[in-house]
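Heads up, the thing below is written out as structure tokens.
Labels run A, B, C and D following the written order; every chain starts at residue 1.
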Amino acid sequence: MFNIALFGCGRIGKVHAVNIDAHPMTQIRAVIDPYTEGAAQLAEKYHADVMTTEEALADPDIHAVCICSATDTHANLIELAAKAGKAIFCEKPIDLSLDRVRACLDTVAESAVKFLVGFNRRYDPQFRTLKDLFESGAIGKAETLVITSRDPSPPPADYVRVSGGIFRDMSIHDLDMARFIMGEDPVSVSAHGACLVDPAIGEAGDIDSAVIVLHFPSGAMANIINSRRSGYGYDQRIELHGSKGMLKAGNVREHLVEHWGEDDCSSAKPQYFFLERYKEAYIAEWQHFVDVLEGKTEPQCTGIDGEQALVLAEASLESLETHQTVNLT
Amino acid sequence: MFNIALFGCGRIGKVHAVNIDAHPMTQIRAVIDPYTEGAAQLAEKYHADVMTTEEALADPDIHAVCICSATDTHANLIELAAKAGKAIFCEKPIDLSLDRVRACLDTVAESAVKFLVGFNRRYDPQFRTLKDLFESGAIGKAETLVITSRDPSPPPADYVRVSGGIFRDMSIHDLDMARFIMGEDPVSVSAHGACLVDPAIGEAGDIDSAVIVLHFPSGAMANIINSRRSGYGYDQRIELHGSKGMLKAGNVREHLVEHWGEDDCSSAKPQYFFLERYKEAYIAEWQHFVDVLEGKTEPQCTGIDGEQALVLAEASLESLETHQTVNLT
Amino acid sequence: MFNIALFGCGRIGKVHAVNIDAHPMTQIRAVIDPYTEGAAQLAEKYHADVMTTEEALADPDIHAVCICSATDTHANLIELAAKAGKAIFCEKPIDLSLDRVRACLDTVAESAVKFLVGFNRRYDPQFRTLKDLFESGAIGKAETLVITSRDPSPPPADYVRVSGGIFRDMSIHDLDMARFIMGEDPVSVSAHGACLVDPAIGEAGDIDSAVIVLHFPSGAMANIINSRRSGYGYDQRIELHGSKGMLKAGNVREHLVEHWGEDDCSSAKPQYFFLERYKEAYIAEWQHFVDVLEGKTEPQCTGIDGEQALVLAEASLESLETHQTVNLT
Amino acid sequence: MFNIALFGCGRIGKVHAVNIDAHPMTQIRAVIDPYTEGAAQLAEKYHADVMTTEEALADPDIHAVCICSATDTHANLIELAAKAGKAIFCEKPIDLSLDRVRACLDTVAESAVKFLVGFNRRYDPQFRTLKDLFESGAIGKAETLVITSRDPSPPPADYVRVSGGIFRDMSIHDLDMARFIMGEDPVSVSAHGACLVDPAIGEAGDIDSAVIVLHFPSGAMANIINSRRSGYGYDQRIELHGSKGMLKAGNVREHLVEHWGEDDCSSAKPQYFFLERYKEAYIAEWQHFVDVLEGKTEPQCTGIDGEQALVLAEASLESLETHQTVNLT
């Protein structure tokens, strides 16, 4: 049984809390959050203790940390946990600054602790099936990858202001997915965007609609289509076109009951947002982390992956601003 | 070029008129209808003459008749045309009385004219594809056939009263389809029904919802599901389950544009009724009749088929009334 | 926390063991099975004790029993548990003999213990959504219910011989579903069948393909289509046609990735069998039993439901043998 | 009845010949093609005369020309026909050189003849339905348009060499579609591409895979995804995302029969290529031209549309070469 210190008890912290508790090999030992009331509630629910960061990292009974706190605390907590010799699971991103990410990864490397970065979509059964079929040769050589990723509705401008911008906050998942599916790193990035959904997002200095084009060393291209609003739930689709056909992962609907009536034939919308759509992915992700803790496998999503996704997000921003393709080599 | 005498210029007569005219090998030479105004309009449109039955059948330039008149005139016209040596295309049914059908077929047999009965659905590209795939061995040996056939909305009670009842009027198409797909004649019929859609149909002595079960010599079964109302267009589906899988012919939708919105994801309904859904089938049916006229092929749907479908419809009625399975052998 | 005695550690016992253990309000306290090795393994896995029936029922710490043992032990165990004052969850069927079922229910009634019969499909999220939409008025008044239920592949003839026959063993789920969806008890049953899949099933005195038609007091009809073999996984579909349209619950596929290639566009098959398809249903069913234990709700599926489904299965058999509709009133 | 002079009797000429002949208001009067054998065959089939360009344009009985000849003859023929006062239908493109297009359009303007440019996809019932639903307000304000357009298999390098390149030859349809759907002209173009399908295309100086991004004055964006090879038929899809949801026009499949078997559930591929997919579009396009000839409507697709699509294709090429966004204002 592995004892886990959970940092952060917000929305995503609660998702991981459920999965840590449900897994037969892990339990929550400590909850750490400056919002003490929330920490106390979560700790009580899972029979854990509220601790400070120092207490948790000094506790020899704690084997690993699960970092779900505010983005700007990630890098510090990673470094502290690494120095304390704890295995680390950290929600994306490591940091919004590439320099800070690199410094942090150096510290992790020195400590040689196990480190898994949380790009949850890599564990989605649909996308995983697509990747497996591709790797089994179902469509030959990859030519064009099309990722559609649209949030159900836009975040408040206040969130946007501290988010690092659409590329670092939202597209970063798709940039990582492109690397994950294709199995290679892009050689160039071109990004296009507009503020169409909410003028307040534009006033906050960001865009809410984006199209990104990546070129890969193999010649293949990826086309990412993002929007902060779909109007019909969480739109998460992937098409991979290859020399012998296409693989296509569709949305997961809320249910499978159709209504055929006088006006039309209607089906349920896609599941509302990431908590619903990626529920299974979060469980599979935690299973992977447990496998890493048990020494059964190496982390499939490392600090390099966190860094590379951020490199691509920054290049996207540069391309958007310069109206030019940004070369990465 | 074959000259055609068109009997009847109602809804179905007009469907055939368009197809006769559009076919490079046929043209309308005569229009015959007691409703003289309608006959005159149709004749003018297609540069044909209004004739009496006697004139048309005596005209040596007329090669074939297309009988689209009222049901109770079919058998007489078939006999007259046969005696006049004209090739015959006749809309289903030959007659609502089995004795009358048999007498009529005897006359046709004596004359040895070419005779095609119009079960239009046999020419539907979807059902034809299903049959072709089945015959190519795609699902092995047939086990269960499920035919769903639901009209968009119920006919008026006045029509019901002279229609011969749901089995002779509506289910007859599905009974013929079952014989067509399975390639064998049922050995027993069981029918179940209710008046659920419109009490006026019940008052007219008929039912509006039916379930029919057929057993075939091979052991296979067919399950026909009928209703005079779908509420969402013309519901025309076939599933054929075999020893190695299933073939499934779905509805043809009005268009292929989906709308994904706040409430649901909606698609277009099935095409409204037989004029829309079986438009291509009527064209293919006429092509087949032309092939018969040219001597390229034998009629695929003969008097026997018209007779057998009626035998099954009558057995359905008997089963409904006796609450027993009716054996046909 | 409710302590559960689990009777039977075969396939379905293991399904319930996982769910009992995962539920925060229940734990397995005792495992009872004549196959002692299996009982010991399961008991060890869930930190429970192996007990005899007598020990378990005498143990005051045990609040409820979960009966997953062989069918012919159900009625006895129900009666013993009822007399011992334990709440009861029992997998369907109560017994294959209607007399035995009725005697057993009398005993349960005298003891006044809580009693839930396990018709798992009632808790399937798809069918539940269909029922909810129907009850919300989405399609008006019910007219025709069509239930397609096909197993992936036939059971061995040895199983068939002790199964009670297809109606009591397999169709009973669909007969219960028909009552559940329609909210009324049928007034007549007509059943049709054949042995098409495996001659050994016929030699065992059973059929493997069936079509059942039910009439309800409201006039509505239900049409159940069963087969012991689909050839493409577990085919579990429901269509409910009403006065204002149709609701349609489709199969749940193994995944949602499509492959478009040179030959065709392919999708995944339906989930293989009940363990996969009804995984969520079993969890929801157990949640419902916990709600019953907590006194939050009454059992949604009682002894009466178990009895009525068997009444319909027996009437189906009578109809099959007599080739007549069997009236139930 | 309008008499038509048909220039060019290759693949697309034959498509129009069928439609001209089938339309009750038009007939082929003259066939003009340097390949005299082909011209003679077509003329015989449709009871027309083989003529020279001069003869046809001098014939006062000829009301309109249908130009389906080689691309490099279009502009000349348009000018000659305009000077001869004939109404003109011309297959896209007017010319591969923008200067030549503009000179040609000046001549047409001087002559004031009726002039329709053949962008066939504008008449596709699916895309037309999407546009109509959009204009009726179904999804609010347009935000992102995604056009997927993939040919079934690549053309020979010899064709590529004279085609004007992928943007002028293939993407031009999608660039026109983007203008047609959005109802506004783009302000910038960014194009990305690669040679992935066939090295011979690269050796011919072209690419075979492209991604184009357009910005519109309203702020909306369009994303065009092209490939010379799908591997599964003609992939022609449009998604239009708006402020209140999405409209999605899917592919038209070869048929609607599904096969569910041991391995998977398979559906038919998209119709093979433009002759199949746009068959109805060509008929509707010709109907529109007849409406123009009859003075019932103005041409919906004019010389300006032909010119603007070419402007966008040229800007795409410039963007591809400079790796920069090209501004059009």
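Simple rule for what comes next: a contact is a pair of C-beta atoms (placed from the backbone, for glycine too) under 8 Å apart; a residue touches a chain by one contact, two chains touch by 3 or more.
What you see is a predicted model, and the numbers here were worked out from it, not measured in a lab.
Counting C-beta pairs in contact across A-B and across B-C shows that the higher total falls to B-C.
Centroid distances from chain B, each centroid being the mean of CA atoms, peak for A.
In whole angstrom, the spacing between the mean C-alpha positions of chain B and chain C is 42.
Separation between the centroids of chain A and chain B, computed from CA atoms only, is 58 Å. Among the residues of chain D, those in touch with two or more other chains are 139, 230-232, 244-246, 259-262. In the complex of the two chains, the chain B residues touching chain C come out as 139, 141, 143-144, 146, 148, 150, 190, 192-197, 209, 211, 213, 215, 219-221, 223, 225, 227, 229-232, 235, 241-246, 323-325.
Against chain A, the residues of chain B that register as touching in their complex are 230-232, 253, 259-269.
Across the complex, chain C meets chain A through its residues 22, 125-126, 129-130, 133, 138-139, 244-252, 255-262.
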